[in-house]
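The following pair of complexes shares a single chain, chain A, combined with chain B in the former and chain C in the latter.
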Partner chain A sequence: MEITEFILNFKSQLENDNFELTGETDYVKSDFWDSLTNMVINVMLNDDYNVQLTPEELNQFSSIQELFDYVQSKQ
Partner chain B sequence: MRSFIKSISVYVPPVKITNQEIASRFPEWESEQIFEKIGIKERCIAEPDEFVSDMSVKAIQNLVGEYSVDLSEIDYFILCTQSPDYQLPTTACIIQDKVGLKKSCAAIDINQGCSGYIYGLSLASSLVSSGNFKNVLLVTADMYSKNINSEDKGNISLFGDAATATIISTDGEYEIGKFTLGSDGSGAENLIIKNGGTKNCKDGLSENLNNYLYMNGSAIFNFTSKNVPLLVDENLNLNNVLKEDIDMFVFHQANTFMLNFLRKKINIEQDKFLLNMENYGNTVSSSIPLAFKASFFNELKNVMFVGFGVGYSWGAVTIFKK
Partner chain C sequence: MNIDRYNIRLQTVEEEDAEDIVRFRTDEKRSRFISATNNDIELQKEWIKKYKEREKNNEEFYFIAIDENGEKFATYRVYNIEKNICEIGSWVSKPEYKNAVNSIKVDILMKEFVFLNLGYQQLRFEVNKGNHSVVKYHKLFKPIIVKESDDNLYFVLEKRNFEENRKRIFNNIK
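Up next is the complex of A and B:
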């Protein structure tokens, strides 16, 4: 899996995707991030990558790249 | 014997809580943001001295007023509630007397929440199909507001109180199709009021959150995202219809964020997916009939109702215009 594919998937889950998202994006500190978005991304991780995280764990990563690396390590 | 939904009436209590009021009590929240996120502008809650039996009576009286229903023809009454007036007796019996149902009418309570309307319809439909009963009155009535902590802004924003009354009969507007039902008590702790039953008494302390409604939103979201798409597919297959054949999907009106997520995941067209909760909030077992009421006489051939939540429990049924 490529990170570009992962970012596209991540972005497609968001209600409003009219902004740039890169591996360096600190999603937890971004304007779009809230407890509802956390739930949607969690479902994506579970459904598409078979990765199960708590809402708190998902808030621990400092960038999309870091989350992607974690997901990769679980494949 | 076939069974039909004949009529639906609703009752919404008078006390309105607007997003502006919530935002003024909890300044960290903005009024517009509440609407953007959960699709609710205001929710109605019962008066301090108004209870489930009172709301139910008003919903039944509205049914009589709107459809000229003759209550003496009702031979079975089912009340679906999770907020009964008393631990015992059955609130349905109290309502039988208050509203003037005949004494030969059966009266029972069933305890289900967000899937309660589907569960209630499944029982009512079976009673009519059995040939033993002709006119079943199904009332849904919940008032979660009385069990929400005054500091719990999330649940205050989400939930509203309401009651609805439906007649299920040997004739009517929509023939009731087949039901898909399910339950999974492993999720019980994710939407619960721990105190107040026989296991744990309420201690009256406002700081003890076990006295109040608790919801693990994330766990509920995961449960619905996994189960509801399968539920819809199973009920389509059971009723031998395609998704394209359904003119309107009426899901339990949990919140618009979750509903839009489910709609996209199941791939339902927006104009076939009913969203009608902005003036009510999540009214638990009443949300499906309350949302559908305004569309009841529309030109809809096939409609699917889908309920899911507390328990966990879930259910779906397809109804067909006569």
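Up next is the complex of A and C:
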């Protein structure tokens, strides 16, 4: 899996795609991030990558790259 | 009426809840996508007094959610109750409330109330299109968009879809 594919999947989970996402994006500090988006991304991680995190754990990563690396390590 | 599940109590509102309801609904950030609410607490009490008549006739159910610490933190309402469908709305959380999982539990409890307690096979709700995270969250349950206006999306959620997808949500909050 490539990071670009992961970012596309991440972005497709958001209702609003009017912003740019890169590996460096600190999603937790982004305007779009809230508890419901946390849930939506968590369901994506579970459904598509078989990765299960608590909402608090998902809030601990500092970038999409860091989250991607974690997901990769679990594959 | 009380519903106790998942360490949450949903309790039908009383006049004493007027102040909390006004505070939840008039917070600048949280109220952007809900119908405007007057900040007069006495007016809210009057509204609740009339609502209690509708509740008595099983025409409407307006709940305030209380967490495991006794804190009132959200509201949710069932209204437009018809023979085969009813509507849910007024899902608003206390502005400074941090336990996001509890807010999601309230949504699940409310949908369970409609499907299991009231016995409906479907429910409807509308969401402002600008309320992106709420739109996307509701879509996790695979509702159907039955209408769209400039501002809103109108959804119908079937009981079957709710039950099939509820586990996906619970996997992440237990």
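By definition in this document, the second predicted complex is superposed on the first by the 75 of 75 C-alpha atoms of A that agree within 3 Å, B and C clash if a C-alpha of one lies under 4 Å from a C-alpha of the other, contacts with A are read in each partner's own complex, and residues count from 1 in each chain.
Basically, a contact is a pair of C-beta atoms (placed from the backbone, for glycine too) under 8 Å apart; a residue touches a chain by one contact, two chains touch by 3 or more.
Just so it is clear, the model here is predicted, and its values are computed rather than measured.
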Which superposed partner A:Val43 touches (first chain B, second chain C, both, neither): both
Touching partner for A:Pro55 - first (chain B), second (chain C), both, neither: both
Contacts of A:Leu14 with chain B and chain C, given as first, second, both or neither: second
Of chain B and chain C, the chain that contacts the larger number of chain A residues: C
First (chain B), second (chain C), both or neither touched by A:Met1: neither
Which of chain B and chain C A:Phe32 touches, first, second, both or neither: second
Chain B and chain C contact sites that coincide on chain A, given as residue numbers: 15, 34-36, 38-40, 42-43, 46-47, 54-55
Residue ranges of chain C in contact with chain A within the complex: 100-101, 103-104, 132-137, 140, 168-169, 171-173
Parts of chain B lying in touch with chain A, wherever the complex brings them together: 37, 217-218, 221-222, 225, 257, 260-261
Chain C contact footprint on chain A (complex, rising order): 13-16, 32, 34-40, 42-43, 46-47, 52-55
Chain B-touching residues of chain A, taken from the complex the two chains share: 15, 34-36, 38-40, 42-43, 46-47, 54-55
